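Quick notes on the structure that follows.
Labels for the chains are A, B, C and D, by order of writing; each one numbers its residues from 1.
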């Protein structure tokens, strides 16, 4: 019994111009078990079990579970096993190695301690700023590059490969580059702005701008990915849309702003999810940049604070509490996207 | 070859909290080898019905049986049916031969050479033998459509199901494929259920046609019966191009009084009406004749628009000249091409009493249909 | 290496419960994995005693962080020396590099957390042992049999004890109260280095360098905060002397002394260091001395290793050493030691290793490459360079040997992290003396 | 929109004439476009170039020349690359040993999981729940996972005891770390791989799948004969993405294999300690090592960049 509303949804969502027949009988099929029981009573146990399970969860449940259930359990054991372990430990007061964590009095003391810790608040704010600003900035740069490349230029492949190259480098390499580039005296950054007459800036020393300097470095590394996703998105839009906008007298800028970019919503969302994963990896970059768990002042994020608490101070419980908050923060940013997709029957 | 029995089939969807009835208590029985066309406007439930027969949709209520075997819970692959989809649904990475042999490889354990022989034969029959080793993307729309057909035929199923297979073709190719499909179906004699929204296909191809609207079965009959003896107002308006004229009339004594004319009727028609008084009078444009003298059944009209169609003209006539054209009630008539009529002429239009249909205005149900003996056999499409 | 999972002490058992609890709580475990190795036959000794049987065939696993440069050379020399001395016991030296010991600490913490301790691991003794409270075995027998107590300096003896028994054996020591200088730059500026015996005199010297030459008075890498914490420790010692420094470490530091030290340090950092300090590290600042861009640098004497490796950059001709002004006659202590975990997988082999670490051959073999000095006072220094011989003499005759602040001997690791937090937020420019002072006093008091 | 070069009649026009024709058609706007693109290319290449250049410099050359300036004739040396290569070579072998299987398996597992959750029809709300859990799984911070992971491998799944018969064959016992790394990376790769395949499978035509099901194909057959052959482009994307992530990942390697002296030490582990010591860092050696370690990932992007872009477009 096939997924009728998914097909229905697709026909409605697909440009309804040419498809003159729009089904009115929409709605969600839940494979209710209203149909009467199968005729042959004497089927053996497994078949009957399978049929009842199929009816309960939908016709292909048993047959499809062989595909997704084992990987789901493996992931559950590793990913959610760790989440639960962290959650449990964060409710205890476990420190150092001496005694095992006692689960007798589980309390939220660690979380109240975090809220009272100004270092925690700064790190949380920095993490949020980093996640949002990094994703938005990378998408913007990627979009501009994609638009430029999409104008049918020669050497397109080589440009595209060059923009993608940074993604293949490890943070050990990129962190060292950026230490040189941000060097106060002879760094490329200060030389560049020097030519425009602006005085040298202490990119990593100044607390207020170090976070944005780090974000810029991460944008350099991952905007290639955003460019590739947007290039694909642009190429998926039929050329008639470009021509129609031009015929309507829209300037290039307006055309992209009013006609093209709104259609890139799908590409934007899928790129944003992956870029957030890279944003979460900023720990490795900061670790290589400062050669330790303490990034330059003003760029401390939850991940580095968590590792400092857990491994430098051996406050396992406090470290796990920060980990749970970090996981929760990432979900709170991605959660709305998931619910939105679910409500649009897209999930 | 098999008989197909739909017994009060119903399909409901759960959209959020309210429930939508897509197919409401449809009962159909299709004989062995019959070519039934299911037709209706968009969203009338015809595709849902077809998908329920195919097993691609669960059946909310009612029983579906093939050759008297209840198949509600039988998986689609075990119903021995083949389906041609609107988008052909060919496998892009497989050659035409592989596309056609996929069905046999999956559902039967025939040896490969046997399968190749059958595919070759079907290719011969459909004239696509030279294409067997090409990829679907290299073929034209028509060729792809034939391959989709071939894929269904080669499986030699009990039942053919076709979901608007011609709608993606251009007009000329569509006409060719219509006749070829009919010829094929007659040769193979496979029970076929064919869904379309195009009434021309319905009228020309089906042994019988089932007309659906709003999920409810309006009428199941031969094309001629549906055309000439529509069971209700919807069927009457749906078939025929240009569609039937309708005038609201009320029965007073032995005359039908409309707002622009009065129409005397004889006792025979009178007896069919029973006690219904609020009626709708229907007359096919091709049944209207232009005559010289006014009378009981002839009315003075002015010509608003003439649409020459080559072999015949479609004329839009108004009853009362002083009212502006758009809200005057019009009578559409089709007359043969040589009849010289031009705009603003006043002509006498005759509505022959044996060609009128009368429907109950509230239920739309047909109370009186035209008599069949001198009805011209041509169907004006 | 087979795991000797003997459930030895009471607390170890409860940890296994929680592991099982967390594991099953997590999700359906993979069918194949056995639920935690069942307890071996190890005897049930107090937390300090070693397991009885420890199959002797297994190699002793010694984790350490010396992966490059002098450290790697020293580790190899140590390994060869051990193999010569104990051919019957095979040793598995396991270097874990990166992040200056932080990767090593992380791996050790992980393994201790999961009941899989290594045979022995490198680390700092003293308050730093507090981290590993309850999981370190006793090496009292090693200390007694080898007479380490009289061979080592008294400070070493005290610092390697915890809860009454020895937990580790020292291998080498770096000196922390050092001031290195580029001879030619200092001569151009006309400074008599030996006359500098107080932080204020040092600051005057910086001013002279600033005015006389265009070199950086003091090169200081600030991409990490540890260099500044270490500098403050040296200034605190130089400015206020031994007792106030020790009081501060003990937790009741005198506010005036701490503030004075911060003021001196602020004065140095505000106007006597290079303006690209925030983006350079240890390597670049050593390089500034080597290529004559800077006059002075305060660093542990591992910096001497870097100078030794530089081409034609000789002690006394090109670079010189002076005890940090104000801390003359003192030797700020640092120890590289090997700690001995309890519930040891290879008790016999590990004990042999610990004994060897404290032996003269080991200390000579290791320290001559490492650029540090042996912790034993009865070792001949002829294989060492002139500079290290001098350092060894100072070490032996030092009036006081205060523990260093930044490398584990002064305060527990958690306090050290808080101190670095204070430096990071208050003292990496602008230099907020008051906030830093209160920050430091709070950190060491609770 | 600058018009692309019109198709000339015969293909015989020589290269120069074609070049001249495009040159004279270059409007100001096109020149501006190419300048911006070239600047962007420089922006992306300069950091890589300066790293590469540094790896060939001697110690003194590093000080005298600017980071991005090439070494003078005197400053050029291959010695750093030589030391880097012979230190890291065995690491490359180990890294390939775990990265390639982990990448291939996680891509395949991602594909079948996404297939199981997209193409077959079963109850929508349960399917959405499973998907949400999987997608949320992407955002677990790896640092928080290290301790439970170590405990899992050291106490729960003691593969080294389970596989003792392998060690008897003379394979070094440390290689259990490689197997543990493969399983760990597959497990933590499932969320992102499933999401990537999921977006791809959603665009697959439903009618094609339905017609295959009607033809009697079971879900397994549909996957093997139709869905798998058609998911080529997305496999390219996932393989390239996963290979880079797995190859460069230090955290899991640190926890599972830990020491660089282990015969099974992957290249990132050895690289972590390379050229850095208490007395200072040898930049040239670190850069040479980093580039040598990055060769496979760089190669993958240069050779398969094309498929990566198309895969994302599919």
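Convention: contacts are C-beta pairs under 8 Å (C-beta built on N, C-alpha and C of every residue); 3 or more make two chains touch, one makes a residue touch a chain.
Here's who's who by UniProt: A, D = Carbohydrate ABC transporter permease; B = ABC-type D-xylose/L-arabinose transporter; C = ABC transporter substrate-binding protein.
Being a predicted model, the structure only gives us computed values, none of them experimental.
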{"item": "Reaching chain D from chain B through chains that touch each other, fewest steps", "value": "1"}
{"item": "Two chains sharing the most contacts, counting C-beta pairs only", "value": "A-D"}
{"item": "Identity of the chain that, by mean CA position, is farthest from chain B", "value": "C"}
{"item": "Chain nearest the overall Cα centroid", "value": "A"}
{"item": "Separation of mean Cα positions, chain B and chain A [Å, integer]", "value": "51"}
{"item": "CA centroid of chain B to CA centroid of chain C, Å", "value": "91"}
{"item": "Chain centre separation (chain C, chain D; CA means) in Å", "value": "38"}
{"item": "Cα-centroid distance, chain A relative to chain D, in whole angstrom", "value": "17"}
{"item": "Two or more partner chains touched - positions in chain D", "value": "147-148, 152, 207, 210, 213, 250, 272, 276, 283"}
{"item": "Sites on chain C at which at least two other chains make contact", "value": "22-23, 26, 29-30, 99-100, 106, 113, 281"}
{"item": "Touching two or more other chains - residue numbers and ranges from chain A", "value": "1-2, 5, 28, 30-31, 59, 74, 76-77, 80-82, 85, 186, 291, 307, 310, 316"}
{"item": "Residues of chain B defined as touching chain D within the complex", "value": "54-56, 76-78, 81-83, 85-87, 89-93, 102-103, 106-108, 151, 155"}
{"item": "Residues of chain A touching chain D in the complex", "value": "1-3, 5-7, 10, 28, 30-31, 54, 56-61, 63-69, 71-72, 74-83, 85-86, 145, 148-149, 151-154, 157, 159-174, 176-178, 180-181, 186, 188, 220, 224, 228-229, 231-232, 235-236, 242, 246, 270, 273-274, 276-277, 280, 283-284, 291, 302-303, 306-307, 310, 316, 319-320, 323-324, 326-327, 330-331, 334, 338, 342, 345-347"}
{"item": "Chain C partner contacts - residues on chain D that touch it in the complex", "value": "59-60, 63, 146-148, 150-152, 154-158, 161-162, 173, 250, 254-255, 258-262, 269-270, 272-283"}
{"item": "Chain D contact footprint on chain C (complex, rising order)", "value": "1-3, 16, 19, 22-23, 26, 29-30, 32-37, 63, 65-72, 92-100, 103, 106-107, 110-111, 113-116, 281-283, 286-287, 291, 300, 302-303, 305-306, 309-311, 371"}
{"item": "Contacting residues of chain A [partner chain C, same complex]", "value": "73-74, 76-77, 80-82, 84-85, 88-89, 96-103, 119, 179, 182-187, 200, 202-205, 287, 289-294, 296-297, 300, 307-308, 310-316"}
